[in-house]
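What follows is a pair of complexes built around subunit A, which joins subunit B in one and subunit C in the other.
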Partner chain A sequence: MSTINIQQLKKSYQNTQVIHGVDIDINDGEFVVLVGPSGCGKSTLLRMVAGLESITEGEIKIDDTVVNDLEPKDRGIAMVFQNYALYPHMSVYDNMAYGLKLMKLPKDEIEKRVQDVAKLLQIEEYLTRRPSNLSGGQRQRVAMGRAIVRNPKVFLFDEPLSNLDAKLRVQMRMQIKTLQNKLGVTTIYVTHDQVEAMTMADKLVVLKDGIAAQIGTPMEIYDDPKNQFVAGFIGSPSMNFISCEVTDETITIGEQSFPRPASVSQRGTLTMGVRPEHFSTDENNPYSFSGTVQMVEKLGASILLYIHCDSMEQPLVVECENTVAANIGDTFKVHIDDKKMYFFDAKTEQRIY
Partner chain B sequence: MIENRPITTFVSHTVLILGVALIVFPIWVMIVASTHDALRLTQVPLPLLPGDQFWINLKLLFSGKEFGAPIHLTLLNSLVMALAISFGKIVISIISAFAIVYFKFRFRMFFFWMIFLTLMLPVEVRILPTYEVIANFGMLDSYIGLSVPLIASATATFMFRQTFLTIPDELMEASRIDGASPMRFFIDVVVPMSRTNIAALFVILFIFGWNQYLWPLLVTTDPDMYTVVMSIKQMLESGESEPVWHLIMLTALIAMLPPILVVIFMQKIFVKGLTDSEK
Partner chain C sequence: MHKRVHYNTSYLPYLLVAPQIIITLLFFIWPAVQALYQSFLLEDAFGLSTEFVWFDNFIDLYHSEQYLGSFARTAFFSVAVAGLSMGMALFFAALADRVIKGSHTYRTLLIIPYAVAPVLAGTLWLFLFNPTLGIVTYFLDAVGIDWNHKLNSSQAMTLVIIAAAWKQVSYNFLFFIAAMHSIPKSLIEASAIDGAGPVHRFLTIIFPLISPTTFFLLVVNIIYAFFDTFGIIHAITAGGPGNSTEILVYKVFNDGFVGLDLGGSAAQSVVLMFIVIVLTVVQFKYVERKVEY
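And then the complex of A and B:
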């Protein structure tokens, strides 16, 4: 039950700065996901909240208390690591009870808490086993149990699902989210997987090179990305970017010219963004391109077509229904839905329309 | 390798049998010699079958007549020295390795390399200055004098360092979040996780300590402080009289037993400690 305020947080190692002033406000009980490509500083940020990394500049408050100089154990946090970090020589029970023993809780209290959490996570039957005798998913649950049993104010997850296979990942994703909902504990979750980020987050923080590129709900970020990076990172498969030239009357892509959409008032070179799922089938749509199909990916529910158009450097990725028949080498005509176009400044990469 | 070639099998067996014979024969001679009396051993040819004097010889050894200290005293001295050396070495080197791996302090690498460099200095090289120091402290003819100078160990420190480096950092971080102080982490996580290494080292170090010869020879002058290994040599030089071969061999036989027992009983854990990678 607590809030977290991160203000102008900066981190430098010797001469390289990895986090350049991040501000995040997290409400009580919120599930915040930090997402970004590797090296964007998301894990560092999380570890600074945990107290495992020192803070170069700025402030982290948990429940309005500045925790910059507090030891991890005094911050009221619990953390789940990517490789689980279970103590290999202790039984599951001891792994979960270790922190409580160090808190000097009475024995029966520890026993009760561990049993309750074990029941919650359905790991009661493994309590006497060693972590090495558990499967990945079970270890994952034990790691979460170790976090929950401490009754923390804040949960910190550092890419906890990346060591699991795809199917289990989806299951655990749901379990973690349900559990967090039930316990109502403020949570910060780090991942590089944007599907995980979208599905779990109440609030999404997209990080790039140590800067919060955008903060918002998953749908806000999907519908209304602030810049080209966020637009490309969120959404799968990622957005197509097409370089275009805008004049008073027309918008030119390669050799083809189209009427300028009314909303675009800036002139010059812009980058147009279209999500693969936003191509329309409307034959009368003026924004149409034809190209050759380079590659077909059949996903089952839908089909991804990689279409090479002469006017573009990158192939267009188009998601269409699985009834569409297209083979490699075919000529294919696609129409861009003019209501679902994004425009970015070619230089600043900021979204303008 | 699973092959079925009779000649290869024959050759490899021959080589193995020869090797075993080469090692076992002297030991057999030692065992046989320890069961005869002094007179029989001066006659040619040497006996190759055991005699009936074993218990008498054993009694003689424990009585301590004819030469120096009784064997149970020297055995005890050896045991105390070997145990003190192995425990001392393990305790000191595990703690220094812990400091080197888990703490960031000035000159950390300098200290590491200083320790590492001493790897290249065997006891014999520094034996005179060490003797000087021990003599000035008045530690001659004492267990402390016997064991302390041999306790510092670069090898063990280095081994523990390598072990600790394989323990994932996340464990340290997890225990920090759990509220463990560095020493708690050391006792609750690091030591239990290195227990197979500790056992392996114990075997090596116990044998190293037990087999010490030169150092005990220097620091002990009182026969009551002799170790069993050096007492063998002392018996060879016992004045003008003939060397008492039957007793010497029996002493050698008894001196061999503790290291063998240690190896036998700790073999499994020893091998595991050297090859273990289940972290």
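And then the complex of A and C:
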């Protein structure tokens, strides 16, 4: 049960700075997901919390204690690694008991704790096996068991599901979240998968190039992205970005002009953002485009259309119901819901409306 | 799946393996057969008369106290050399694994002894420990140890062990450091988080995980101590004082080329050959199996 405060955290390797001052406050029992593309510094950040990387500048506090100079073992953390990092020469039981033995707990206490956690994770029958005789999902559970059994103040997960196949990943995602809820342990979870991030997080931290681009609940970030990067990164498929020219009366996209939405007061070149799922079917909607269907992706529950419009460089991605009949080469008319448009400054890429 | 290329010509594969086979035949099989044949012969010192005596040479060896003594000496010598050189190498490798700055220089310096020829290595240590001129002898004298390996047999043995082990440290070091590098870093990190200090980490994680390498090196080092230390011993003690540093391979030379008992010497080398064969079989059988977890 603990809180974590990260203040102005910076990290440099020789001359390259990889983390440029990140502030995050994590409440007790919160599930925080760090998400971002590769190279954004999310793993480095996690490893700094773990104590596996030194801190160049700034402060990390766990329960109001500055842990900057504490050894990993003294921080009260447990970590689950991407490749699980199970000790290959030990049985599952010994893997889980390793840390407890180092804590010099009595033997029956160790036995009890390992058994309890094994029961919780349903790995009791594998306790005598070596990790090499386990499947990916089982190894994953053992790795979590090793973390849980130590009763840490904080769980750290470093892309723990990325080595699993898609179906197992969804299962484990749910299990981890349920388990964390049950145990109530403050958790930091690193992933590059925005679906994982959205579904698991209480609080989402979107990182880009060593900067926290936005911090908030998943829904806040989805509904109210602060900049173009976050808008494009969160949500699947990605938001469409359309360059447009705004004057006093009109908003011009390519050759087409539409009345200026009342909320947009800045003039000049802006970037308009529309999520694929926010196109409307309302025939009377003034914001409509025609284009040819370039590609159709049938997802089952819905269909993705890639529509090429003359006025845009990139094809528009539109998500529609699976009853829509469209073939490659067809002309298709789409309507943008004017209540769900986002506008970004073309230069700073910050969201303005 | 293996992709195989098929050639229509039937002689090409034979041509390609021919050099290897010729070398093996010429330098391994032929001398081995010669030695085997020689070990059944009894020759006079001038090589004028030869008699086929079947296993008499071997029976003589079995009853020779000197030979059995040499056997025990060799066993002690090889265990000591393997232990010392592997221990030192493991220690250095464990340290080098943690070095961040200048690790390349450190490693390069550690590898140099391997490039020194055995006789030179022996001479080097001979100078250091020379009873009258040696610098180490001088310091030993200062702490009250009277060093004279030309008279003191246990000192002589100590010296050849040190010299032989020193030369092998580099080789072992290379293998150990490579093995340590192949351990995923996250395992070490996981154990650090679990609360293990550097020493405990080494003992419970690193050492067990490099055990296949350790076993491999143990066999290699024993073979080295048995066979490749001739030059060192020849340079330092020439088997003396008395017979105190006369290991098996040195006795083969001494009896054959100094004592001119060619049959007995050949019989000894045949015994050595079987030892090597056994060690090699052991190595192939167990190393392969122990590698996988």
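Basically, the second predicted complex is superposed on the first by the 353 of 353 C-alpha atoms of A that agree within 3 Å, B and C clash if a C-alpha of one lies under 4 Å from a C-alpha of the other, contacts with A are read in each partner's own complex, and residues count from 1 in each chain.
By definition in this document, a contact is a pair of C-beta atoms (placed from the backbone, for glycine too) under 8 Å apart; a residue touches a chain by one contact, two chains touch by 3 or more.
Values in this document were obtained by computation on a predicted structure and should not be read as measured data.
Trainee: With subunit A superposed, do subunit B and subunit C clash or fit?
Mentor: clash
Trainee: State whether A:Tyr87 touches subunit B only (first), subunit C only (second), both chains, or neither.
Mentor: After superposition on chain A, A:Tyr87 lies in contact with both partners, subunit B and subunit C.
Trainee: Who does A:Leu183 touch here: subunit B (first), subunit C (second), both, or neither?
Mentor: The answer is neither, since A:Leu183 touches no partner chain.
Trainee: Could you tell me if A:Ala326 is touching subunit B, subunit C, both of them or neither one (first, second, both, neither)?
Mentor: neither
Trainee: Looking at the overlay, does A:Lys73 come into contact with subunit B only (first), subunit C only (second), both, or neither?
Mentor: Both partners, subunit B and subunit C.
Trainee: For A:Val170, using the defined touch cut-off, is the partner it touches subunit B, subunit C, both, or neither? Pick first, second, both or neither.
Mentor: In the superposition, A:Val170 touches no partner, neither subunit B nor subunit C.
Trainee: Under the stated touch criterion, which partner chain does A:Val264 make contact with: subunit B (first), subunit C (second), both, or neither?
Mentor: After superposition on chain A, A:Val264 lies in contact with neither partner.
Trainee: Once the two structures are superposed, pull the subunit A residues common to the subunit B and subunit C interfaces.
Mentor: The overlap between the subunit B and subunit C interfaces on subunit A comprises residues 50-52, 71-73, 77-79, 81-83, 85, 87-89, 98-99, 102-103, 132, 146, 150.
Trainee: Can you check the complex and tell me which residues of subunit B touch subunit A?
Mentor: 168, 170-171, 173-180, 184, 188-189, 192-193, 195, 278-279
Trainee: Hey, which residues of subunit A end up touching subunit C in the complex?
Mentor: Residue list for subunit A touching subunit C: 50-52, 71-73, 77-79, 81-83, 85, 87-89, 98-99, 102-103, 130-132, 146, 150.
Trainee: Note which residues of subunit A are touching subunit B in the complex, please.
Mentor: The touching residues are 47, 50-52, 71-73, 77-79, 81-89, 98-99, 102-103, 132, 146, 150.
Trainee: Quick check: in the complex, which residue numbers of subunit C touch subunit A?
Mentor: So the residues of subunit C touching subunit A come out as 184, 186-187, 189-196, 200, 204-205, 208-209, 292-293.
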